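Chain nomenclature is as follows: A, B, C, D and E, assigned in order of appearance, with residue numbering initiated at 1 for each chain independently.
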Amino acid sequence: QEGCAPKNSSGWDPEKGLQGTLSISGAFALYPLVVLWSEQFKEVHPHVRFNISAGGAGKGIADALTGMVDIGLVSRDIHQQEFERGGYVIHVARDAVVATVSDQNPNLGFLLRQGIKQDEFRRLFVDGTAAAWNQINPSFSDDDLHVYVRSDAAGAAETWAAYLGHSQEDLKGIGIFGDPGMAEAIQKNPHAIGFNNINYVYNIKTGKQFPGIRVVPIDLNGDGTLAPDENFYDNLDSLTNAVATGKYPSPPSRNLSFLVKGKPKDTVLIEFIKFVLTHESQSLLLENGYIPLNEEQLLEERTKLN
Amino acid sequence: MTQHPLIRVKDLNVHIDGHHILKNINISIPDKSVTSIIGPSGCGKTTLLKTFNRLLDDTANVTVSGSVLVDDEDIYAPEAEVTHIRKKMGLLSQRPYPLPMSIYDNVAYGPRIHGTRDKSTLDSIVEKQLKDTGLWDEVKDRLHGPANRLSIGQQQRLCLARGLAVKPEIILGDESTSALDPVSTHTIEDLFVRLKAQYTIVLVTHILRQARRISDYIVFVYMGEIVEFGPTDEVLLHPKEELTRQYVKGFIS
Amino acid sequence: MTQHPLIRVKDLNVHIDGHHILKNINISIPDKSVTSIIGPSGCGKTTLLKTFNRLLDDTANVTVSGSVLVDDEDIYAPEAEVTHIRKKMGLLSQRPYPLPMSIYDNVAYGPRIHGTRDKSTLDSIVEKQLKDTGLWDEVKDRLHGPANRLSIGQQQRLCLARGLAVKPEIILGDESTSALDPVSTHTIEDLFVRLKAQYTIVLVTHILRQARRISDYIVFVYMGEIVEFGPTDEVLLHPKEELTRQYVKGFIS
Amino acid sequence: MNFRIVKDKLIANVMLILSISSVSFVFLIGIGLYLRAAPLFEEHTLLSLFRGSNWAPSKNQFGFYPFIMGTLSVTLIAIVVALPLCLLTAIYLTEYAKPGIRKVMLPLMNILAGIPPVIYGVWGIFFVVPIVREYIAPQFMEYSSGYTVLTGGVVLAVMIFPILVSIVSEVLSTIPKELKDASLSLGATKWETIKKVVVKRARPGIVAAMVLAVSRAFGETIAVLMVCGNVPVAPTSVFDGGYPLPALIANNFGEMMSIPLYDSALMFAALLLFVIIFLFNLISRIILNRIEHKYSS
Amino acid sequence: MGIKRRKAEETIFKILMVMACLIVGSSLFLIVGTIVVKGVPYLTWDMVSKAPQGGFYIGKEGGVLNAIIGSLYVAGGATVLGLLISIPISIYLNIYLKGGSLLSKSAKLAYDVLFGIPSIVYGAFAFSIMIWLGVRASLLGGVIAVTLLIIPILVRTLDEVIATVPRELKHAALSLGATRWETARVILRQIKPGIYTAVLLSFGRGIGDVAAVLFTAGFSDNIPIYIDEPAATLPLAIFFQLSSPIPEVQGRAYASALILTLIILVIVIVSHILATKHKHKL
């Protein structure tokens, strides 16, 4: 039974059409999506084989840069050193990170009405000195303040930190493992604040926020109230719209990307990436809690292939 | 049998793994005397001694029925206090097993758990017991060395010393001299003879001469049954049963 | 000593843990005869037998110096082949240790590793050895039962049978009858006497009568030294050394 | 006949090679870790790595002190919790328990040895974190999130239960019955026999099992990192969060392995852990040898 | 110290022991209980009979057959490989070598150290070698990493058990002219229950570990057929599904954990049967 997998040469065959093998590895966040895409791609090009494995963004990058795989799946910013080693990045989807509190939070009313300013977030997550809510904003109650951050290295935390002008290691608070862990910890503690990827806050099917957890709006213009055009958190549609149109800033919205080594030349690879960048493929994103690229972004990414 | 019977065994039956090892044992062992159990290898002598001490208790697949009365107390009664019984009866097992400690600590083990803490008392107990068993000279320089480095014969005497140090009322010796040279054997036999003034002694032995030399009564066991029981000379010289006659023939001739 | 000396020991010294256990042993053990080693418990008899077989090799803190020649081959030479030597010499150890398998497999173990595979050959070897040692009747119904459930005396005979099944040229028996009743002892003694026609036999024994009955030569060991070595009657009846006289006194009187 | 001896010799040589190569494997790992950590030494002194308590790789600050303390405290708590419980359990199972209980418990241990650490972590979040937060911590302080070194230690303790109980029971069950009988017939109670004879005889094995369990505790990763808070600050009480070295490695390795200096720092963390485990084992082995020497036959 | 006090001491310790046993037992039962309670509702026949179809990880059709098979391959392969390596080593250290020789001492130390090295480090180590050799994440890589991980467990457990075999037994076999190897086989027979314990411990560790397979075995939805293909493993599938935002998928994580538990249960039972069968023969 055991032995080596058959190797087939990659390229175009007049009889079979596209044929070859694509190896992909990297971030868990993108893995389910890529699996879906590959299934659909195979319906059109049945002679293309996929080897997809998950193992973390760094693993994907390392694999791609050493030529072990064709595509590395990345859910965080690419570091300078990784570009220097030949990393070539094509964005394929967007995601957003939002601040979250429990719906039992004593300040929930205030929070929903006036939002939190960027520098207040900075005081919450980076300074780490505030012990009570009213030390952030005098109009809040004097309840204890508990700040939750991610204990595992995660794209979400990195992105949230980038929004505050820092990196993940600068975030101060109690470390919680994983996005689900964070959502649960927030639900259980009325005095806590944390952050999540949007798909852990909104029910994808209904578009509503999960019970027990609420998004903290960002007071984008810092005027102390939440204007209607800053308030798009009611359901998933309006939020993703805001992300797609750039109303919700980036970061904390972020790109999910493919990393390949050097500009792609292999036909199968290019075809697959092109396929991912079609509207049809992008439409899969929404129902999975991710946000499609908008028209300009799609164009921009496609030109990277030429 | 003029003396007061100290151990009374009634209708004792032992099954191991479905084999009937001891069959309908009924016997009264007299006080302050030496009783020897003789019989061919594998006839159940060791098993019999172990039932006196309830050492078969935690072996798998063993059932014991009947009763063993020691000082009129049934040791197989549910309320019987095993530790107490075992202290009263010192079993010297057939295969010597030194405890994993020094020679000194082996002998001091019993007195210590029974409450003797005083160093000099322990010292004198150890010395006395080792001298009694003729081991003192051989080991006095390495009392604190590991006991399992001793030769088998030395181990046997050590285990004797260890067993006697708790001053049991009843001594059950299972071939206690089997690994000993004539001189040491003599020492131990003398010891038993001296001890019988105060204690009740039950010995298993294969050496009929030894049985003759030191015992007052003899039990002959054959295939798990008691064939004959009586005063030494009667059993050895004028056996009533044909089986016994056969067995002691080598001795008589 | 008319016979050809089969085992020649030269200047053998054994130290264990810094204690000098065997001192300057020089002896030639004759072919096709029974040589008995006697001596008080702890004098080094077992150790001596073990050096013949290189069983001390893997014990920590043991140093052996001198040479042991078997058939003119020095078994302590660096190039000596231990397995071969051990097959040639069957050591029957003082404390019987059945291997963790059935009674049958215990006896068949040796023949099997030495190449006998045929079932019926093995069957007959097992039956013969068990009959020779007088165990057959006692165990024939449970040949495939575990060997460690046997009584000590049965174990001893089993280990004898197991050791003889290998057909060693030299038999080293360490108190091989110590746990046996007179009848079984007799069987084993007879066996040895029969075997000596073909084999060289070295026995350790404490029973001087037994030494007298079966052995041609006697070695008397005392505190790690050989005190006297000679034909049986000479050593037992007319000892040259005072120490020997003392030791065999019990026997003579 | 000769074939057997040749076979024996051949096997001996193969085994010798296996044994030696496995010993050198330790060196290989040590050297490998050192080489991969080496870039870090070009910019930092060893002392500053040990003593520094700031962890900010992007600002080139690599202080490992909090992680070392995190590792030590979580492991210590785990051992303090697990050791007495497991010893008593193993003794109970081998000596006192009815065969029925024994037959359930020992296989259960083996099943548990195979449950993935993630599940222990999840279990810790479900049960241990709330208990610490709601019931234990409030006795001592105002607020604790429940994600503390104590929680980590307890979860870790539960994780090493199987290995401790299994090995100790295995060792205890090999003590010959005759030895126990010898002590019992001197009038010792069963407990005295266990305390003074069984445990003594089994001591090398028990100590070895303990050493193994501690080693395992040092290295256990996922379950601990899920519950111990992972704050890179040296804990000052058991209700503080902590950040053990293995957690640091596991957290960041997959994400950051493509960044050279970060990678080196993680390999240095592994090297540190390696050294800690090595020293611990060396010391306990020296002690173990003393014991073995005293009681071996 | 009267008999009463001594009995009292025994009673106190007996109570402590029962309590310890209860604590250990109940914490362990709680873990299994959690898995059962949370996993049973999601445990369907599809879970064990199908590989993930497209969209399995967002709550659609499929199962974790790929991971079940991957795990069995990885843990089974590693256990067999590990036994082949570690039985000879522990025999060599205990039977061939003189007690207390330098090699045996340093080997034991080495294995204790290896035992404590986190599985992530084994994973990283194997991964470095794989990059160096140009081997990509695959079944083979996973088997190698897990083998490295469990060898110390096997060697040290076997070592401890062999050390308890009385020397007389070894001598008995040797003096029948058995070679050291044949003697070793007798001793292995004696310690068979210990071998089962060692195998179960290491198989368990191997099948349950995430970090060692994370980088080395990869993760793929295909049922692995070839040894150089990436293969999913159950713990990784659990780890991965647990982090999903979709409750359905999280539930399947517990169902997967339940499957894993059942696999181990089956193996425990089978080896128990083997062990008792052996005892009968003895």
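General remarks:
Rule of thumb we're sticking to: a contact is a pair of C-beta atoms (placed from the backbone, for glycine too) under 8 Å apart; a residue touches a chain by one contact, two chains touch by 3 or more.
Quick caveat, the model's predicted, so the values are computed rather than measured.
The chains in contact with chain A and with chain C alike are D, E. The set of chains in contact with chain B as well as chain E comprises C, D. Contact analysis places D-E first among chain pairs (by count of C-beta pairs in contact). Distance between chain A and chain E, defined via averaged C-alpha coordinates, is recorded as 36 Å. Centroids of chain C and chain E (each the mean of its C-alpha atoms) stand 46 Å apart.
Note: centroid distance chain B to chain C, computed from Cα atoms, is 28 Å. In chain C, the residues that reach two or more other chains under the touch definition are 60, 83-84, 95, 113-114.
For chain E, the set of residues touching two or more other chains reads 6-7, 99, 166-167, 179-180, 182, 214-215, 242.
For chain D, the set of residues that touch two or more other chains comprises 4-5, 8, 176, 189-190, 192, 253-254, 257, 296-297. Touching pairs of chains, sorted by label, consist of A-D, A-E, B-C, B-D, B-E, C-D, C-E, D-E.
Per the touch definition, chain B reaches chain E in the complex via residues 81, 83-84, 113-115.
Interface residues of chain C, counted against chain B in their complex, comprise 16-17, 38-42, 46, 94-95, 138, 149-154, 156-157, 175, 178-186, 206, 208, 247, 250-251.
By the touch criterion stated above, chain D contacts chain E in their complex at residues 4-5, 7-8, 11-12, 14-16, 18-20, 22-23, 25-26, 29, 32-33, 36, 84-89, 91-93, 96-97, 101, 105, 107-120, 122-123, 126-127, 158, 161-163, 165-167, 170-171, 173-176, 189-192, 202, 204-205, 208-209, 211-212, 214-216, 218-222, 246, 249-250, 253-254, 257, 267, 270, 273-274, 277-278, 280-282, 285, 289, 296-297. Of all the residues in chain A, the ones that touch chain D in their complex are 55-59, 61-62, 65, 76, 79, 81-82, 85, 144, 146, 148, 151-154, 167, 169-170, 173-178, 181, 184-185, 189. Within the complex, the chain D residues that touch chain A are 55-58, 121, 125, 142-143, 145, 147, 225-227, 229-232, 241, 243, 247, 251-260.
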